[in-house]
Amino acid sequence: MATNDSTTNVKRLQVRRYKPEENPETHYLNQEKGLWAWLTTVDHKKIGLMYLGSIAFFFFIGGVLALLLRTELLTPARSFMDADVYNQVFTLHGAIMIFFFLIPAGPAVLGNFILPLQLGAKDVAFPRLNLASFYIYVIGALFTLFAIVTGGVDTGWTFYTPYSATTGGNVMAMTLGIFILGFSSILTGLNFIVTIHKMRAPGITWNKLPLNMWGLYATSIIQILATPVLAITLLLLTMERALGIGIFDPALGGDPVLYQHFFWFYSHPAVYIMIVPGFGIISEVISTFSRKIIFGYWAIALSSLAIAFIGFLVWGHHMFTAGQSSLANMVFSFLTFLVGIPTGIKIFNWLATMYRGSIDMKTPMVYAMVFLFLFTIGGFTGIMLGALSVDIHLHDTYYVVAHFHYVMMGGMVMAFLAGLHYWWPKMFGKMYSEFWAKVSLALLFVGFNMTFLPQFVMGSQGMPRRYFNYIDQFQSFHQFSTIGAYIMGVAFLLMAGYMLHSLLRGKPASSNPWGSRALEWQTASPPDLHNFHHTPVVINGPYDYHKPMSEFQLGIATSHNGHHAGEAVDVSKTEKEQA
Amino acid sequence: MNRLSEFMLPPAKSTTAEATDALFHFINVTSVILLVGITIAILYFSWKYRRRSDDDVTPVIAHNSKLEITWSVIPLILVLIVFGWGFSGYLNLITPPDDAYEIRVVGKSWLWEFHYETGHVSVNELHVPVNRPVKLIMSSDDVLHSLYIPDYRVKMDVLPNRYTSLWFEATEIGESIIFCTEYCGTAHSNMLATAYVHSAEDFETWLETAGSADDDMDPVELGERLVTRNACNTCHSADGSRLTGPTFQGLWMSERTMEDGEVVTADENYIRESILEPNARINQGYDPVMPSYAGSLNDRQIDAIIEYIKTLQ
Amino acid sequence: MSQTSSTEEKLDHLKHYFVDSDQQFEASKMGMWVFLVTEILFFGGLFVAYIVYRSWYPELYLLASEELDTFWGAVNTAVLIGSSLTVAMAIRSAQLNQIKGLIINLWITIGLACTFMVIKYFEYSEKFAKGILPGSAYSYDGVEHEKANIFFSIYYMMTGLHGIHVLIGIGLMIWLVFKAKKKVFHSGYYTPVEITGLYWHLVDVIWIFLFPLLYLID
Amino acid sequence: MSGHHISSAKFLWGVAIALFILTFITVAVTWIHIPSPWNVVVAIAIAVVKALIVSAFFMNLYWDSKFNVLLFVMSVAFFLLMIGITLLDTLYRTDPIPSF
């Protein structure tokens, strides 16, 4: 990773200051016109927006499914749908939210939009591959929709054999759809790794890389190492259904626990594909709105990599009661706790960044604080589930459901929304209503906790997950939870409303409304099709708020664009003053 | 504390439950202390260091090794405690005492069969003696299931190709609910059973008389009881409503159309075949998901069920 | 950054978002290596299934591998190594601006790859005729082991997926031949040849492991 | 770092011949029936040597940037982790046997 940080290799460049243009006439949104130009664009920003549209669509679908589930659970027996329908709905809610929303939300949406901007690059390393990965996502989605209309899937998002090998419905179309989707994820990861290595603007050495980039870098590594295993798992499962190859199906001599190893080897690291980009976003937001240098840069950067690495060694904690050997249980439990340490370090570093800062409670910052609170709860309940004897009691109960939602929704979705509100002015050049954003956030916070806190209690009391009917003692918890879900629904509708309003009638945003030092804010809002009119040169860390803004807006003075990623640069004083 | 504990956890009715609960409470208390600390810090900082003017200058605090080592090492120690605690509890949970009383469990979609050494089979009823370790040796007939008794804090998956086991020692006479916690299809949430804990003498009496108590019962009454006891009613209603399987109401001597188009009269032979070899002929519009009852119902019991179905016109 | 960049380079291939040819070449090659990582883990899953079942049923592997023909397996290994050599030669030709040599070497590689597939075809059809079919269609009773179907499922998945990779490689190389004929490649730009070569070598490496693991169990 | 290494034709032929010889050896050792598990060890060892030769000299990793080597090593390392930890389960299962 540390390719060259040697000071002997410093390159001298002629630089001058480039002040970002305010409210430019032409930008990436209007430089190419027409639907066709959008559909065939290789611009990373537009591809990011197309992903944004797609995941918003799937989030809506997944959200509606969630509300259907919660409504059905208002009564202990049948309320309005059959058990089979219920089983399909929870399967689709899980599969859609995870594979179509959470996995692409970090890298493919915000990552795509922001990564080349933060690196000072014109685009990702392989723009056409980037577009291809979007269409692979679309094809995967079509397969899944096909599966839904031709019989549905009722296996749960985990597709455990032998149930998934024998049940009715169109499981094959679904697994093939997600198999295809995996390639979209792999190609995004591939693109990001190469871009971060090869396309950094002059001066962005590894220790000046924004933490958001470190987050995406760690994520990309997980994507390329874990996703192929998902691909082979789903391919084997598809073959199990198509040909009966018997590797996972006990009726043919196979072993269902082996399937679980395969599945979780991907699906546990996948949790980190979802959450690690969130860590990057939170680092950016907290530093910007505290207007203060980030505390423990290397601790945060390296803990992302550590989480990515250790995340590969803990998959068996999903299988403590599955019938794996007790030796494996012990090893997995031990390693699981080790993931807690780098995660804890991050939380404390973010807190320390706020200490003696100049904190501006704008919407993204409030989202970041909500993230800190909810994600910490998610983390602590994860410790609970990692403890072997307690997990025996809590495994496959609502406790796990609540923990997962605290991590994924309280963690990743809050971080994603923090990032979306943070970069929204950059994306569209428009501001949104602070007031309505905070109202919606308050509703979301209340609704979220109302929905999932009771589920911790239900789970500890023994309410199993994936239950259509339940015993009467849980009814009040379920009803409370359902009301919370409705409140969240209202919050999201409100959010859709003010964001739409911002798009149509929003006040124009300045190039740097938050006063950030990061590179993406040193170009126009919205940026030009090629991001920068000049080649940016970076001499300070991305969080050096104690240095003047002028030092963050440098670019190569000559027409020569001297990208040489990874080389340190030195600018002589006179040139700086010229700027 | 006790109140809170009752709110959070089901009553602890096994010898191992208390140890598990102690760790549960330890993690909860530690977590709440830390969470409150973090939350207060967030709120306090965001008020104390709120932005006062756009020209605020902040100090350059890039890192602090002492602090960082502290907040890495303390959590590390805490989680190692939790690991050790959880692991020792787990060792206890997977090591049944040598003299444990053995019961065979078979999970089928969607019922539990409990086989006793006397050859008696009870469906969805687990009878155990109090204050005596009981070991369940479990297997599945079809897909994965998982046997979970919240009151005892025990759970183990039930697999089709292997035997798995769990053990517990009930400490109170009474009843506890048993759930299936591994998703297994349509009636997953109806795959419930009850654990009945008897005193040692009552358990012996139950074991000797179980099955024979039915001898002098009226066939229709016995049939009705068997339909409940064997969980037939999970999938077959008595009131005409459609569940996973066809309803029993009006079944007797009706004309049934099979998947392959064959039309069969639901007579004695047909119903007997449907119980012993459920997948030999499948009613049109239904899935072949019923487990076989060969071996768990004897002729007299099948006759009783047929007598009962006859009454549901 | 490199010894070969010359001032009178043709730059048609250079994408605008790269600074120079070297950056573009290095990026493409790194991209291919990242892709090869995913390939290794993709096949890795199958190797895990192989190893787990072998550790459970060593006698099954002993019995079942007797159905595989070591001679033709070895021939296929040699064929693939030969094709790796010719692909390396093709890259060398491109580096030296010998477009004719490039095309000839690519054709030989395609020929060897097709030979591999033809041998594979005869191996498969001989097994199909005996009733050694993948999955539940397996109907051979010459292997006295209840899990024989699983060994052959793993065999078919591994060699089948490898075969698909060979087919993709053939397609890629035919595409390279067309490009080469259009004089797209020269010593300053041969990235597609280089990265296809990397892919092809990996296909070879995977077979190098498949051969002893499936055929050479004595 | 640089990826423009040009090997001589002689060198490439030499590499290929080494690979052919190793292929012959790996077949030949099966004729002398080394006792298990050493037969597997030998077969895998030869395959590893062959794979290293191909990746170092045909795929030019020997002359390539350290990061590309790291990628290759990382993929193998994670594969070994996957199989290693899975074996911790599959090799150490102790299933109970019902007594009736």
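Order of writing sets the labels: A, B, C and D. Residues in every chain begin at 1.
Convention: a residue touches a chain if its C-beta (ideal position, glycine included) is under 8 Å from a C-beta of that chain, and two chains touch if they have at least 3 such contacts.
Keep in mind that this is a model prediction, so the values were computed, not measured.
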Pair sharing more residue contacts (C-beta pairs) when B-D is set against A-B: A-B
Geometric centre distance via CA averages, chain D-chain B, whole Å: 46
Euclidean distance of C-alpha centroids - chain A vs chain D, Å: 36
Residues of chain A whose C-beta touches two or more other chains: 197, 225, 229, 253-255, 257-258, 261, 323, 326
Two or more partner chains touched - positions in chain C: 26, 30, 34, 37, 40-41, 44-45, 48, 52
Touching two or more other chains - residue numbers and ranges from chain D: 67, 74-75, 78, 82, 86, 90-91, 93
Which chain pairs touch, all of them: A-B, A-C, A-D, B-D, C-D
Touching residues on chain A, where the partner in the complex is chain B: 83-84, 87, 154, 156, 160, 162-163, 166-168, 250-251, 253-257, 290-299, 321-323, 326, 329-330, 333-334, 337-338, 340-341, 344-345, 347-349, 351-352, 354-361, 369, 372-373, 376-377, 380-381, 383-384, 386-393, 395-397, 457, 460-462, 464-471, 515, 545-546
Complex contact set, residues of chain A against chain C: 121-123, 125-127, 129, 186, 189-191, 193-194, 197-199, 224-229, 231-233, 235-236, 239, 242-247, 252-255, 258, 261-262, 530, 561-565
Chain A partner contacts - residues on chain B that touch it in the complex: 7-10, 19-20, 23-24, 27-28, 31, 34-35, 38-39, 41-42, 45-46, 49-52, 54, 56-64, 67-68, 71-72, 75-76, 79-80, 82-83, 85-94, 142-144, 146, 148, 150-151, 153-157, 159-162, 164, 177, 179-190, 192, 244, 287
Interface residues, chain D side, partner chain A - complex: 66-67, 74-75, 78, 81-82, 85-86, 88-94
Residues on chain C engaged by chain D in the complex (per definition of touch): 1-4, 22, 25-26, 29-30, 33-34, 36-37, 40-41, 44-45, 47-48, 51-52, 55-56, 58, 70, 74, 77-78, 81-82, 84-85, 87-89, 92, 95-96, 194, 197-198, 201-202, 204-205, 208-209, 211-213, 216-218
